[in-house]
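Several structures are given next for inspection.
You will see chain A twice below: alongside chain B first, and alongside chain C after that.
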Partner chain A sequence: MLTIEGLKTFGADTENGLTRCMNNEAFYLKLVEKSISDASYQKLNEAISANDLDAAFEAAHALKGVLGNLALTPILEPVSEITELLRARTQMDYSPYLEKINEKSEGLKKLCE
Partner chain B sequence: MEDFNRTIGFKRRILVVDDEEINREILGNILNETYDVSYAEDGQKALEMMREKNADFSLVLLDLLMPVTDGFSVLDEMQKEDALKQIPVIVMTSEKSAEVKSIKHGAYDFITKPYDMPEVILARCERIIELNEDKSIIRAAEKDELTGLYTREFFFEYIHRYEHVTGEQKMDAVVLNIEHFHMINEMYGRETGDEVLCSTASTLKELFEKETFIASRPDADYFYLYMSHRENYEGVFDGLQEELSHLTQLPRIRFRIGVSQDVDKTLPAENRFDHAKLACDHIRGDYTRQLSYYNKEDNDRELYGERLINDMEDAIRNGDFVVFYQPKFNIQTKEPHLRSAEALIRWRHPELGMVSPGAFIPLFESNGLIQKLDRYVWSEAAAQIRKWKETYGITIPVSVNVSRIDIYDPELENRLAGLVEQNGLSAEDLMLEITESAYADNAKGLIEVVNHLRDRGFKIEMDDFGSGYSSLNMLTTIPIDVLKLDMKFVRNMHKDEKSLKLVELIIDIAKFFGVPLVAEGVEDEAQFKTLKEMGCDVIQGYYFSKPIPAEEFETFVKEEKKRRE
Partner chain C sequence: MFGKKFELNEQTIPVVEEIGRHMPGGFFIYKADKPEEVIYANRAVFEIFGCKDAEDFKALTGNTFRGMLHPEDYEKTEKSIDNQIGEEDEGFDYVEYRIVRKDGSVRWVDDYGHYTYTQAYGGIFYVFISDITEKKLQRVTDLATRSAVIQALSESYHTVWLIDDLENQTFTLYRGDDDGSIASSAPFRNENGQLVYSKAREYYTQSVAEEDRSRLKEELNLDNLMSHLKTNSQYSITYLRNMKDGSQRYFKIDAAKANLPNGKDGIVMGFKDVDEEVQKQREIDEAKRREDKLITALASDYWSVYYIVLDTDEGVCYQSHLEIEDALKVGEEFHYLSTFTKYAEKNITEEYREEFLKFIHPDAIREGLKENRVISFRYMIRRNGVEKYEMIRFAGVRHPEDRDDHIVHAVGACFSDVDLETRESLAQNKTLSEALIAAEEANKAKTAFLSNMSHEIRTPMNAIIGLDNMALSDAEISGRTKDYLEKIGTSAHHLLNIINDILDMSRIESGRMIISHAEFSFSEIMDEVITIIGGQCNNKGLYFKSEISDNIGDYFIGDAMKLKQVLINILGNSVKFTPAGGEVTLHVEKLADYDGNSTLKFVMKDNGIGMSEEYLPKIFEPFSQEDSSTTSQYGSTGLGMPITKSMVELMNGSIDVESKKGEGTTFTVTVTLKDSDRKPTEDEREENGKKKDGKTSYTCKRVLMAEDVAINAEIMLMVLSSKGIEADHAENGKIAVEFFEQHEPGYYDAILMDMRMPVMDGLEATKTIRAMEREDAKRIPIIALTANAFDEDVQRSLQAGLNAHLSKPVQPEALFETLERLIKEA
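Up next is the complex of A and B:
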């Protein structure tokens, strides 16, 4: 089960996340759980495999917004980096970023079980 | 306004537009307490919701990067629609560069992503809603709904504010009015009337768009313009007249323009426009003039006149009007001697001092008030004749003025006869002066009245003879007892030959008709001697005495009494 303590250990800036949620823990945790199944993760992976950088940027940007608001720092960091690279439509191998993002989001998913 | 917003009893609606559900939920959670929050997941949906009837959103929180229709497109669409344009938008973005761009696209403010503290978001929303509502309330009140020009109060307020900015710049106040505007409404219907007002407003804006200029429609078909000074307004509004003629095809419909130039900025703005309006109304119905300038002297004179009219009745009651007497002398005897007097009214105004008869008599003649004044003089004069008679045992006839309007009074005869009787006088003691121009006015009616008066024994003097337009022929039909030569002949008779000849001629005319001639305005010995030589019978003027109060006049009465003894 997801807890604030668990999120803290995960590395989330829970204080900030909670503030945005008007210090409503249950609400915050509910949104964090919901974020795991955010369609943007999948969109990002698919777009990068298809080398569709426009779509990839859109997905990364959207993800960045949500993760930023929830203050999920460990995932936010690689997402922010990839967003900036995609914004410039940089042609490169994005897999190390994707791996990191997927690894961290998997970690979060585990916390929720 | 703040209190109003806080205490008003309903929640305002906010539309949150974001493609990420989690973001929408976070914002919703923050705003729910205070606002009624609706959500849209893309720009297209958001626009549809805003266009819904009674949508009535007080604020839109808009994400910029969204699939399908992004935030910038939403802003652009909103700018195109009047109803949507009024809704303020706060843009949510994580990029600094997008902030400037969104403001340019019409956003009011922005919230950064990740979101600020909830308090900050709430405070921003509240502030923007408040600003926008204040603005729209002001916008609704400051503009005339029909023409979009300023309403009276805001117009004057803006002039006042504008003053601090322009300082020394010379400004003019201009008032325009559409003459016979009601005819447009009557003949073409209100809609056309409104159209005329609207196109007047828009034509005015076009005409002066390049200058310092502010305009108002304070009332019905009046337009007020406050604009940079110009020396001449001739032709300035021709474009407007053309537009009006084109719209109505009515030849009698036209603009009247009153201008107060280089206004006195120490006066309240309202007064500056009172002046321009005075000028504008001054030429109402005058088809020879379309443009009139305010003139301080005219205005002061008018105000002074108003004051005199207002004070007149009180003055009679308070005895501020005093009757003075100017002696008339017989000069064909060895020594000139007192023959009679003329009663002349003087006004000792408690605040204005001595008011010149030249200021109030023409004024009261024009509005009929002179009638009251005449009656007052008649009764004072009659009482005075009696008093002298009782005191000195001799009768000094006094002539009084009978104004044109008195002639139409059916009670005139009885009134005068009553006065004579009350004071134990005979009718010939109270002599009646009627100006020559009154004869010309209504010869037939006047002859009738004069005949009746003469039948009852009154003596009629024709005043100001030679100044009016009566033909010599009139003298044969009009019954008179004395001719009074207009004073300007006497004044000029030593200055130009023609006047001298005319005096001679009029003296002959009087002789021909067998009536005495009184010369008025005799000021010096030369005039006196000439008139005497020419055979003039009676003289009145400063040479003998100016008009004086009854007490002073007694000196003349005493002398005359002595002479007769």
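Up next is the complex of A and C:
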């Protein structure tokens, strides 16, 4: 069961996130839960493994927007970094970033259970 | 040796003795007259007979020639010597005979003798002899070996003849098995016991089938055979023979020249049954003939056909190219790759040449034929200044023995003229794609026409209805005029409904009907529905009953307008199809409540005319009405139900209908709406929802929001609805443009534009909106929503006509401030 307290422990900037949701906790929590199954996670992973940097950038960018809105800082940080690298279409090994993103999003998923 | 120059007598004998003593071989002289007394024998002769000296020799042989020979050999030897001396002028003879040595052992000797006449002794023979026992034994072994070899070699023949005397035409039979023919090669002998070739030939050819008989007889003429064998080491004749059992079989004679020991030529003839081989060969020949015919038949479709062995780069022409002067001739062999390359360089246009050469490479062919039975390539040729499409095809030629390695070793290649087909299909493709473009354009035009027309007609319609109402309110009009005006009003309303339906349908069909997600008051909507339907029922004399469960919340997020339209459409139909005195009921309840959503069920029931079971499935098809007379009787576009169903589906809801002819109809609509947390204030309760949002002081009432990410959109909608701002959500720039286009000027107060979106991005959408020819196109505030300040080129977005940037995540207060400021400025 996802709670504001749980999100705080996770490291989310819940205050900010709630402000954007007009302090509607239920709405905020529902969106956070919804964000976990955002297709962009998968798209990002697939695009990176296919070395399709254009598609990877699109996915990272979309993800960054959602995570920023919901103030899910622990995932937002690596996503922001990877977005900037992908914007420049840097050819490099992205797996450390992906690992961190996947690890954190898994952590969030656990909170929802 | 002796004779005229050297007279042998008592005096000369010692000389002979002196010479003979030193000779290594045996030498002796004996008198021709009986008892053939031996006049002289040298030491070597004694040794051959195993004797010590002359005494010993005399004791063994009695010093006679007869005494020297083995008793069994004397007569034969004597006869042979007589014969030879009689024939030969020189008086020489050669014989071989056995002797018995002193120790009793039997030895073979050879004897070179010469007869001469002397004064002293009369006729004498002087003879050289040597022991040839070992030599003779070797010769017998050699012969046995040789005949064994011949036997083995002739095994494949049932009969072998050796013509060993070409002059007398006689032969020796080396082998003569029964071969099952009516006349086995029965030998015919002459008076000397020799086999006579001509007779044997005559006899043999009787067994040959009639059609081959005279030919074979001629062929078997020895002169004929010899003339063939002069140039060839072997000569073969095949013919058909009649067999004992009445059948016919093929036989073959192989003839070869033999060098006989006497230095003369002979002929060896081997006979064998080759029926099976011939039959097999015939089958192969027949198959090949059939294949050739087939190839010729199949090849008629092609300009030219070739057989190519890829592994050796060899090709054979099966059908010659008629259009080329120096073309390969049928049966002509050629080097594949160089010939085809030359062809390409001479005939194929440059744009196709390289690809053609790649295509015909043996490796490419092998690779291509792995997957396909036939591979083909189309290209353009230029011959005599005319350009034509030509096609080359390769098909694998698989022999049974090739089956295991799955690699194509040989292929058939053919060239064909595909000019007409290609040009036709190119033309057809062009026609098709033009037709497609035309159809797409026509469809676009239709949609545009329908929506434009509906807009255009609605304006004068509003005028007609308005003026009609004004005219009706004029107290001075007569009863008849009032009646006319009322009828005008009814018709105008009907026409307006039709136009609205058409507009809705065209939006649904083009996928442009979009569901808004805005907060609305449920009780307010239900009140409106009940008022409208209740009024209609009242007018028609129907009883209307509505029940709404208490547990349904006050505020939901969804498309209130569409929900209202669905309910009014269905209930309006109920009213329409229920005769006076009937009953229409509306029942609403909450089915489920989960995760901030409520599933609501609306049951609308009447006891009107109903529908037959057969018609029910068609009710949601456009322009369908059970009875065409109902159109005139009840007045309808036939679009109401399809539109209703599409709207329910757009809301992710479901619609069901049950009906019985003459008993009535029940529609059940189920939709799930998001719950809103807003609770009605006391004021609002008192005001009965007449004022939408008591506390808003914002000038902004309705915005258009373009945002492709669902969660971001939800937050924005939530934020906006908290201030009572309605928002239409477009998933991309293109949809946003269409939304804007479809609503009258001033409908939206501002546009919130995400920059990065699929299909059409924010910049493009902004440019498109700004370029429209309508009064608010240049004026309406468009606010860019960007992930960060560096995300997009600010300069570019300003040029595109954006008024401001808001960084994501958007802070609600910043959003409201910007909206207020820009709307006031606008």
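Note that in this section the second predicted complex is superposed on the first by the 113 of 113 C-alpha atoms of A that agree within 3 Å, B and C clash if a C-alpha of one lies under 4 Å from a C-alpha of the other, contacts with A are read in each partner's own complex, and residues count from 1 in each chain.
The rule is simple: a residue touches a chain if its C-beta (ideal position, glycine included) is under 8 Å from a C-beta of that chain, and two chains touch if they have at least 3 such contacts.
Keep in mind that this is a model prediction, so the values were computed, not measured.
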(message) Tell me the contact category for A:Ala26 with respect to chain B and chain C: first, second, both or neither.
(response) second
(request) Please work out whether A:Asn45 is in contact with chain B alone, chain C alone, both, or neither, and reply first, second, both or neither. (result) neither
(message) Under the stated touch criterion, which partner chain does A:Asn102 make contact with: chain B (first), chain C (second), both, or neither?
(response) neither
(request) May I ask you to decide whether A:Asn69 touches chain B, chain C, both, or neither, giving the answer as first, second, both or neither? (result) both
(request) Using the superposition on A, tell me which residues of chain A are in contact with chain B and, in the other complex, with chain C. (result) 16, 19-22, 24, 27, 31, 34-35, 38, 58, 61-62, 64-66, 68-71
(message) Please output the residues of chain A touching chain C within their complex, sorted ascending.
(response) 16, 19-22, 24, 26-27, 30-31, 34-35, 38, 58, 61-62, 64-66, 68-71
(request) Write out the stretch or stretches of chain A touching chain B in their complex. (result) 16, 19-22, 24, 27, 31, 34-35, 38, 40, 58, 61-62, 64-66, 68-71
(request) Spell out the residues on chain C that touch chain A in their complex, using ranges where they run on. (result) 595-596, 677, 708-712, 714-715, 718-719, 722, 756, 787, 808-812
(request) Can you check the complex and tell me which residues of chain B touch chain A? (result) 19-23, 25-26, 29-30, 63, 65, 67, 94, 113-115, 117-118
